[in-house]
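Have a look at these structures, which come just after this line.
You will see two complexes here that share chain A, one where it goes with chain B and one where it goes with chain C.
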Partner chain A sequence: MTRAPLSLKIAALGGLAFLHVPLLFILLYCFTTEEKSYAFPPPGFTLKWFGVVWERADIWAAVGLSLKVAALATVIALVLGTLAAGALARARFFGREPVSLLFVLPIALPGIVTGIALRQAFGMMEIPFSVFTIVLGHATFCIVVVYNNAVARLRRLSPSLIEASMDLGADAFQTFRLVVLPNIGTALLAGGMLAFALSFDEVIVTTFTAGQQSTLPIWMLSELIRPRQRPVTNVVAVLVILVTFLPILAAYYLTREGEAVAGSGK
Partner chain B sequence: MSLATFELPEPREGALRRLSDVLTRHTRLLTLLLLVPPLLWLGLVYLGSLFVFLGQSIFSIDEFSGTIVREPTTATLLELFRPANYDIVLRTVGIATAVTLLCALIAFPIAYYAARYAGPKVKAAFYLAVMMPLWSSYLVKVYGWKLLLAKEGAIGWFADRLGLGGALEAWLDLPLVGGPSLSVSYTGMVLTFTYLWLPFMILPVQAALERVPPHLIEAAGDLGASPGLVFRTVILPLAMPGVVAGAIFTFSLTLGDYIVPQIIGTSALVLGQAVYTLQGTAGNIPLAAAFSLVPILVMAVFLTVAKRTGAFDAL
Partner chain C sequence: MHLQTSTATPAVRFQGVERHFGHVRAVDGVDLAIAPGEFFAMLGPSGSGKTTCLRLIAGFEQPDAGHIEIFGETVEGLPPYRRAVNTVFQDYALFPHLSVGDNVAYGLKVRGVGRAERDRLAREALAMVKLAGTETRRPSQLSGGQRQRVALARALVVRPKVLLLDEPLGALDLKLREEMQSELKGLQRALGLTFVFVTHDQGEALSMADRVAVFNEGRIVQVGPPEEVYERPATRFVARFVGSANVLEAAQAASLGGAARPSSLRPEKIALLAHGAPAPEGVAVIEARVIDVSYQGPVRRVTAVTEPGLTLAAAVPASAAGVIAGATVRLAVPAAALVPMEGEG
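Coming up: the complex of A and B.
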């Protein structure tokens, strides 16, 4: 392989730097003593904002709600996404294309359209805003993440494994539990973690389905529009980066190892 | 020689077994049963609310009472063509185009290096370096740019130190792209959008570049083409479907966003903000629905064109 021209190397590394430098600045501003502006360089450094965050009840209430919503939305997405993947992975039937389009639609359409549509529907059916309304909105676009992961894995799973299991006397349920599930397990785990991260971070649909409740992104949005103690927002932002970083890294390794699914070579 | 034998448990008996037999024999029934729960959720709840909301674009609003008149009319849809509203559409499409071009420009070298020069280790590192920002929090990323772009912020400071303060001032004095500071200008808005959606451009472009057959490049070289000519006539055309696939994301995500323009940008509305204010404070649901149709229609046209270029194979 020939070596890359220097200009290409610089452009590529510059592009990657562009992707990461803003996140480093968020970290830097956690420690600034200036709370009324984004003055650079920071006039002084302090650790007090970590303590302030620790004592702010509103932040921890928002974190709690976000975790609860993300957990529920992930469970619903896992069930519905797996069912959808099972139905569409190999079957060929009339209307298959529109159905698979329907699963992608919630992330293809602007979040604001989904959000307003759901808000209107809740209003019409006189459903009051609750944790349930937020979860309903989130699950709608989390399904596709699980679906994508599961369908990719199911297509690589050799059908002869399932046939062998059935030939040996297992019924459909035993085959699912003992053969299919272990083979798609890591894909589901990865899909579930991505769905969790997606829900934990969602703000646009939540704006319309939360009412007066405050998830962590809603809390952050209000701080962005009307900043109070700016470094507090930075500390929370860094916590959010850490909370989403780990599941994404784990999901990456899970799907990579999954390349070696039994029978995938056939 | 003796044959190995397995002690297989007796097959189960009873209702479960009979259900299993029915499902195995009738795979269509199985597919249907699997599809019913997700279809109920997405088809009924989601698609239903979507149609009810968008369908209201054929209604109008009574100017005096502010209530919705439930009689079919084209008046609301035609309102989109009033100069003030039409400007909002044009402005948003303009921003989305600028963001898409800038994304393609920054993404291409990254994708090109990763696809053609990087070894397995470097490639994995590149992939993670692109995936991490892709999946990190949207608001955190917007916040990062608010910090950087602020008048007293880092970009201004570095520009001054590098002796580019004058250039930055001159840029901000320009009519369209400028403003009082970067954080309240179109420049800042486009930069933030570009940052947010860049990974969505890198991944499909890299996928397309990886599919360019190496022997095509060698053949072009053997036939006497210079590296530049090979790039222009072989690599670039074959990478285009990837760029179009990435553009689907960058374009549609920019069209629908209303949070970035609210935090970073001028006071002139974009599509998402118009929809937001219309459904909220203005209470004009029919016009909000009509505005919501615009990004959907623009994307439908975009996708039809994209399909012809083969962009879907690069996704």
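Coming up: the complex of A and C.
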């Protein structure tokens, strides 16, 4: 192994700092005593904003809605994404390539396009905006994440495993439960967590598909225009970082272990 | 072991079975009857339809035409999990997330056998394949040969009526392969079970099987005991694919004292005759010029051209003297060694 030159190390550190120092500032201003602007250095430190957040019902309503939407969108994505992956991982049929492209497209498509398209579709079908419409909007891109994870794992799985299971007397449901699911479980968990995290901080599609409800990111956006109690948004932002970062970290470690297991099939 | 294929209900019967993939007729009109308790080999090059036939018995493929019976029961349309046959897969297909014991017990589990009972049966099956004590290990911790034994135990523990083996020895090294060959044979005899195995290795088919079906281009070109398939190949394809053979045209066969039919002649049937020695009764003696000699351990393989331009391969004892390229030798061809071939292909 060769040692990296000093200049490369400095560049790498600079890149990391550029990505992560702003996050530290978010954390720093949770504790500031100045509530109208972000002066540096903060004039004083206080814990009172945590108390303020704790007592504001609108924040907790938004957090609750976001969790609910993310959970529902993730469940939909897990079911549909797994089914789609099962269909497209191995089988060869006419139109397979276009279909798999269409599945992945929503994540490449700008959220604003997805948002407008869904808004118009809901409008034409006279579906009133509700939690349900937000969930559907989020499910469009959550499915992709689950699908991608599941399809990659399924393709690594020896197809004769499924045949062996059926050969030994297991019907399709038993085979799915006893052979397929255990082998793609970690991939689904990782995909599900990623989907949850994506949904939890989604703004654009939500803006177009939400009615009067505001999810947490929407609430933060509207809060930015208010001149007072600015550190409240910082406190909430730190909460969001925790809620999204921990599952992604867990997903990372789970899929890493999963590779060792799935790769040992032959 | 002599088996009467006509009397008892066959373990497996194919009647005019066809399986097409697009325009490819992978199996193109196969008839066969495998007797109960028989060790049956399906031999052929890749793409000859032998593996598809195995998958048709297992139920992974359904025939496009024809009729398949397993012990008298029609199985068309029956999924693999409703057939009393089990498969040992070429890549073994052991479940990576289960221990060796749970792999073997899998078939019992899905049949609703209780934990204690299925653990006991799995232990017995593993002991039968000489893997006692490996129950708690993972398949990834076993060697290739051990994995194959686990696959065997897993298929046998559910007591199939027919055991299917897809290139069972293909992935093993030579030493292990020979060991497994005799072990499979012993197991089959002890259990009295019908074994159907697919192979592209003619040596494997000849040494293990009671009967061999030779496949070519989706059809069976010859079926019979190994001795018959080897000694009396029905077609040019069989003569060349099973072992090696000289294939003679009708006139060439007649000139050596055989029938005026296309015939096969095994190299080891040709002997060298010393110069001046008299020709024995019923043996044609021809002079030929050696063009190539290759040493193969017990024998030397000699390629020689006769005066009329016939190229013959002969396997002679490695000790034979004076056989070098360019030398003229006398080849003795017994008329009985010329085997007329009836079939085409």
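Throughout what follows, the second predicted complex is superposed on the first by the 256 of 266 C-alpha atoms of A that agree within 3 Å, B and C clash if a C-alpha of one lies under 4 Å from a C-alpha of the other, contacts with A are read in each partner's own complex, and residues count from 1 in each chain.
By definition in this document, contacts are C-beta pairs under 8 Å (C-beta built on N, C-alpha and C of every residue); 3 or more make two chains touch, one makes a residue touch a chain.
It should be emphasised that the depicted structure is a prediction, and the values quoted were computed from it without experimental measurement.
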Would you check which partner chain A:A73 touches, where first means chain B only, second means chain C only, and both and neither mean what they say? neither
For A:A164 in the superposed arrangement: first (chain B), second (chain C), both or neither? second
Go through the superposed model and pick first if A:C142 touches only chain B, second if only chain C, both, or neither. neither
Check the residue A:V179 against both partner chains and state whether it touches chain B (first), chain C (second), both, or neither. second
Does chain A have more residues touched by chain B or by chain C? B
Based on the A-chain superposition described above, do chain B and chain C contact any of the same residues on chain A, and if so which? 166, 168-171, 174
Residues on chain A engaged by chain C in the complex (per definition of touch): 158, 160-161, 163-171, 174, 178-179, 182-183, 261-262, 264-266
Residue ranges of chain A in contact with chain B within the complex: 1-4, 8-9, 11-12, 14-16, 18-20, 22-23, 25-26, 29, 37-41, 79-81, 83-84, 86-88, 91, 93, 99, 102-103, 105-106, 108-114, 116-121, 124, 136, 139-140, 143, 166, 168-174, 194, 197, 201, 203-204, 217, 220-221, 224-225, 233-234, 237, 240-241, 244-245, 248-249, 252
How about chain C: which of its residues touch chain A in the complex? 58-60, 79-81, 85-87, 89-97, 106-107, 109-111, 138-140, 154-155, 158
Within their complex, chain B touches chain A through residues 6, 8-12, 16-17, 20-21, 23-24, 27-28, 30-32, 34-35, 37-39, 41-43, 45-50, 52-54, 106-107, 109-110, 112-114, 116-117, 126, 128-133, 135-148, 150, 152-154, 156-157, 195, 198-199, 202, 252, 255-259, 262-263, 272, 275-276, 279, 285, 288, 292, 295-296, 299
